[in-house]
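Both complexes shown next keep subunit A, but they swap its partner, so subunit B is in the first and subunit C is in the second.
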Partner chain A sequence: MSVKDIKKTNLPIDPRSAILLLFIANVVGFMQDSLLVEFATFTALTILLVYCGCVRQGLKWGLIFGLVLALQYHIFLIVPPFVAASFTVLFVYIRKMLPCLMIGTIIVRKIHMRYLLLALRKWRVPQKLIIPLSVTLRYFPAIKEEIMHIRDAMKLRRINGIERFECLVVPLIVSAAGTAEELAAAAVTRGIDNPVKKTSAVDIRFSPIDYISLAAGVLLVGAAFCL
Partner chain B sequence: MIKIHNVSFGYTQEEQILKNIDLHINKGECVLLCGKSGCGKTTVTKLINGLIPHFTDNCRLEGTVTVEGKNVAETQIYELAEKIGSVFQNPKSQFFNLDSDTEIVFGLENAGASPDFIDERLRVTTKTLNIEKLRRRSIFSMSAGEKQSLAFASVYAMNPHAYVLDEPTANLDEGAIEVLRAQIGKIKEEGKAVLIAEHRIYFLMDLIDRAVFMEKEEIVRIFTREAFLALSEDERIKMGLRTLGKKSVCSFPHIPGHSAEALTVKNLCCKIKENIIFEKLSFSVKSREILGITGSNGAGKTTLLRCIAGLIKQSEGELLLDGRPLKKKERSRLCYLIMQDVNHQLFSDSLWNECELSRTEAEEAKIEEVLRQFDLSELKHSHPMALSGGQKQRLAIAAGVLEDKKIVLFDEPTSGLDYEHMLAVSATIKGLAQKGHIVIIVTHDTEFLRCTCNRTIVL
Partner chain C sequence: MPETKQSRILKGKELITIGIFSAIYFAINFLFMLLGAFHPIMWIFMPAFIALFTGIPFMIMTAKVQKPFAVAIMGAITALIYFATGQFTMVILITFVTSCTLAEICRRATKYNSFWGNTLAFAFFSLGMTGSPLPVWLFRDDFFAQIRDQGIPADYLVSIESLASTEMLFAMLAAPFLLAIIGSFIAKALTKKHFKKAGIV
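Our next item is the complex of A and B:
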């Protein structure tokens, strides 16, 4: 859903394996209880990020991971216990979430919505779920645009404090209702509710990287349960 | 091809939107549907693409509409979708996807066409409509004209037999209108039936075979192209139609008497994320003067307005009022912007409250006066969303006037307006200028520019 133009349509990784990896990352992140597994997961994901072309994001997550570890294992030993205690929960959760966030980065940055929906269709997720999902995803960037306009309008009026929230919501709902109707009209006049099996101009296929990353994922799940 | 036979329609059982409509459109024929706002033009287009009655519950529909012999009311809307292509007014909200390629093939994928066929259509569409520069783009990076072109392409890809277009030029500049004109010419050559509901009609004059004039729910007269072009200027104005030729009889109003106060823009330059939107722009506007700014879609007109209004910072240059440089904050205190979509700037649950929002201390007399001035006092307890487009716009202006804004900026104030409403907006704006405001208008509407502005600059 990048706002920039789509230069390349070829995917670094199949959306289906990305979705599976998201689940795996969840399981590993929350089940593991060993620094070794955590490091292995982190390293594997960093390699995957770099492979997918998210080098800067890889560095960013690496920095965060290193910072959290340093704080927990070095700084927290010398600060007063109540400070350490109040931050420990936060840091533990950051560490557990990290694998999901890293996979999420790949999905958001590298996999276009069209391919995600295609993946769901291949898994035979019913149209009744896919259509509302795609409308929702379609609508997020539109909301962002609208909020920008509304905030501009507020800046030119003397609207302050608590009023601002109310003043954001009213026009947003009004224009959302209009947009929803127009969007629906555009979709039905192009046959979105046609019951025939939908086709796709693009296709997705598993490549070696998908098998490798899924195998690594399975291994890490095993390790998370055993170690 | 398309047969509308004795149709009367209302969204509710009591309401009357259309009365005894009879219209046949043949293959290869291009028909213009014209008339004042609210005469039922859009409703006629919906009869054909099936949004009526499939999308209107509890409506009252008498008579029959058939497309290629199929009764619209009894045909599933997805079946109609393969025969009839629809292009709508608002380029922003007619996309279902976020990138151009997916959007172009969307209809074909829905219909279950084979990937090879889809590829072929994508290639043909790109070539015939000459839209190579639209391919592989995010729709958020497109100008209004490009979006409308894409909307047309995505319909063209499905290769329908008939097209209905509902005010497709409402948000377009002259260049984009020219592109659309060429596209309509192409489909006409291919023998498709085309129905266009429009206010801005000058660009269609070479294309249409007939013009259907509607007034108050009914078809009043059907003109041949020759008869339509032979309409005198007086007849056209009486019918409430926009100009038929590119030049309009409205003349430039004379420049008002000199006054000292002026907004001066000096060497202004604006960047958004390193992209130069415009640079070295200089001009000045006096109070009581109306300055028009025009230019193609994506030339940076809206950015310029936002910069003047202090919503974004300039990267170079300065803005001065009476020779005194203005900071960003000061500009947003002095300026008021009437947005293209006024829904974004109406915040309250009644007209009165909307006005009170502007005044920190309640000055009821002042609010009364301003509401009366904008012809809104009878509606003061209604909800802003219950107003018509023109009333909403006047309310937005009233709110700005109540905040004592010196500079009033307008972004496309006449998109989708008929002749009468366009003149009404023009009169409102002239009234503001007479009261001593500095007015700057950004618009594509040349007819409106000629009637309203003292001076025009092209960006």
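Our next item is the complex of A and C:
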């Protein structure tokens, strides 16, 4: 993607309000214990997802939410207790995490990493935290890929038992260290250690949807506290 | 290396190293977090399992980055990503800040390059995750009232309540500390066997 293309991309929502909404979703998920607030949060977020163009993801989360509720309130009353009990914790987790996962969907699908970093920089988050954080987030897919390759290689050589652990970890760490070297060389060449204030080719700005969604978020926090 | 003020500041290269090893740390951490959702006992000993298996990325990272705040940044990244997945509570925040501070003090006192200093720092760092099951003891009554409402059968509840004993609390706190030390010895053995030869540390 060239700089010009990025400039043209319209963000459905400002990354700063997305991060704030994530925070709000955390608070609401933690505080609330009324079904009404849970439904209200869910509906508001579904509207936001559809507005941002993630219709299919909206449907997917809706299905999961419905399924969890159905299992918890209907199916679990008739299955053996130990089955119900082992899954209850998992389902409580899912219900608590759902609002965050929905906003996470928007962030992952619709907001390019550089906008997120720009948002953090505008909030004066220290550069010393922004750099490792962005490296961490970018490296997750690489870990998955790396593990797949290592597993393929292990299959070829028929490695079993405890040896598998060693044969998985060692190449993973070696390749991580290699990547760190290469990435650092590239980043230093591009002036990562330059102490001057970083500039940005793109800009972010609040629009009405940001104010509306943040206001809705504040309302939900209020409701979560009161109900 | 002379310990000038300049050499104490984290450079771009070290920041990237911290970032990459934090990714591996978090991936392992998250795996056990997911396993912990299946059974309470897995959840209570989740910090211990994490300590056992994350020794390798932590110890390699501390060996490569012998400067202040490396561990604090690793903790901050873990905390931020947990926050983004909606599992973050005030209790975890407090335990994370405390454990990272202790780990940093520990490393500072041992000049960042001693094995035992880093091991102890890792043991403290591992205690940060105990903030996840800690509410079971801290808000005991609330916690059980909440899960009772969710329709968990009474006999199963008793078995969880017996898990939430004081002895269990000590076990929950001691296990990560001990397993962290074992974990860092695993890292040491692997370093000697592989990573030194590969020229990583």
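By definition in this document, the second predicted complex is superposed on the first by the 203 of 227 C-alpha atoms of A that agree within 3 Å, B and C clash if a C-alpha of one lies under 4 Å from a C-alpha of the other, contacts with A are read in each partner's own complex, and residues count from 1 in each chain.
One rule holds in what follows: a residue touches a chain if its C-beta (ideal position, glycine included) is under 8 Å from a C-beta of that chain, and two chains touch if they have at least 3 such contacts.
All values derive from a computational prediction rather than experimental measurement.
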Exercise for the section: Identify the partner contact of A:S200: answer first if only subunit B is touched, second if only subunit C is, both if each is, neither if none is. Expected result: first
Exercise for the section: Name the contact category of A:T189: first (subunit B only), second (subunit C only), both, or neither. Expected result: first
Exercise for the section: Tell me which partner A:L71 touches in the superposition: subunit B (first), subunit C (second), both or neither. Expected result: neither
Practice task
Could you look at A:V170 and tell me whether it touches subunit B, subunit C, both or neither (first, second, both, neither)?
Solution key: both
Practice task
Scan A:L219 for contacts with subunit B and subunit C and give back first, second, both or neither.
Solution key: neither
Practice task
For A:T179, decide between first (touching subunit B), second (touching subunit C), both and neither.
Solution key: both
Practice task
For A:G104, decide between first (touching subunit B), second (touching subunit C), both and neither.
Solution key: second
Exercise for the section: Check whether A:M31 is in contact with subunit B, with subunit C, with both or with neither, and answer first, second, both or neither. Expected result: neither
Exercise for the section: Would you sort A:V50 into first (subunit B), second (subunit C), both or neither based on which partner it touches? Expected result: neither
Exercise for the section: Go through subunit A and flag every residue that touches subunit B in one model and subunit C in the other. Expected result: 134-135, 166, 170, 174, 179, 183-184, 187-188, 192-193
Practice task
Provide the residue numbers of subunit C that touch subunit A in the complex, in ascending order.
Solution key: 10-13, 15-24, 26-27, 37-40, 43, 56-57, 60, 64, 69, 73-74, 76-77, 80-81, 83-89, 146-147, 150-153, 155-156, 190, 194-195, 198, 200
Exercise for the section: Within their complex, state which residues of subunit A touch subunit B. Expected result: 1-7, 9, 112-114, 134-135, 138, 141-142, 145-146, 149-150, 152-159, 163, 166-167, 170-171, 174-175, 178-179, 182-201, 203
Exercise for the section: Mind listing the subunit B positions that touch subunit A in their complex? Expected result: 49-51, 54-55, 77-78, 80-82, 84-86, 88, 90, 92-99, 101-102, 105-115, 118-119, 122, 136-138, 140-141, 151, 154-155, 158, 306, 309-311, 332, 335-337, 339, 341, 343-349, 357-358, 360, 385, 399-400, 403, 405
Practice task
Spell out the part of subunit A that touches subunit C in their complex, as residue ranges.
Solution key: 22-23, 25-26, 29-30, 33, 72-73, 76-77, 81-82, 84-90, 92-93, 96-101, 104, 128-129, 131-137, 139-140, 143, 166, 169-170, 172-174, 176-177, 179-180, 183-184, 187-188, 192-193
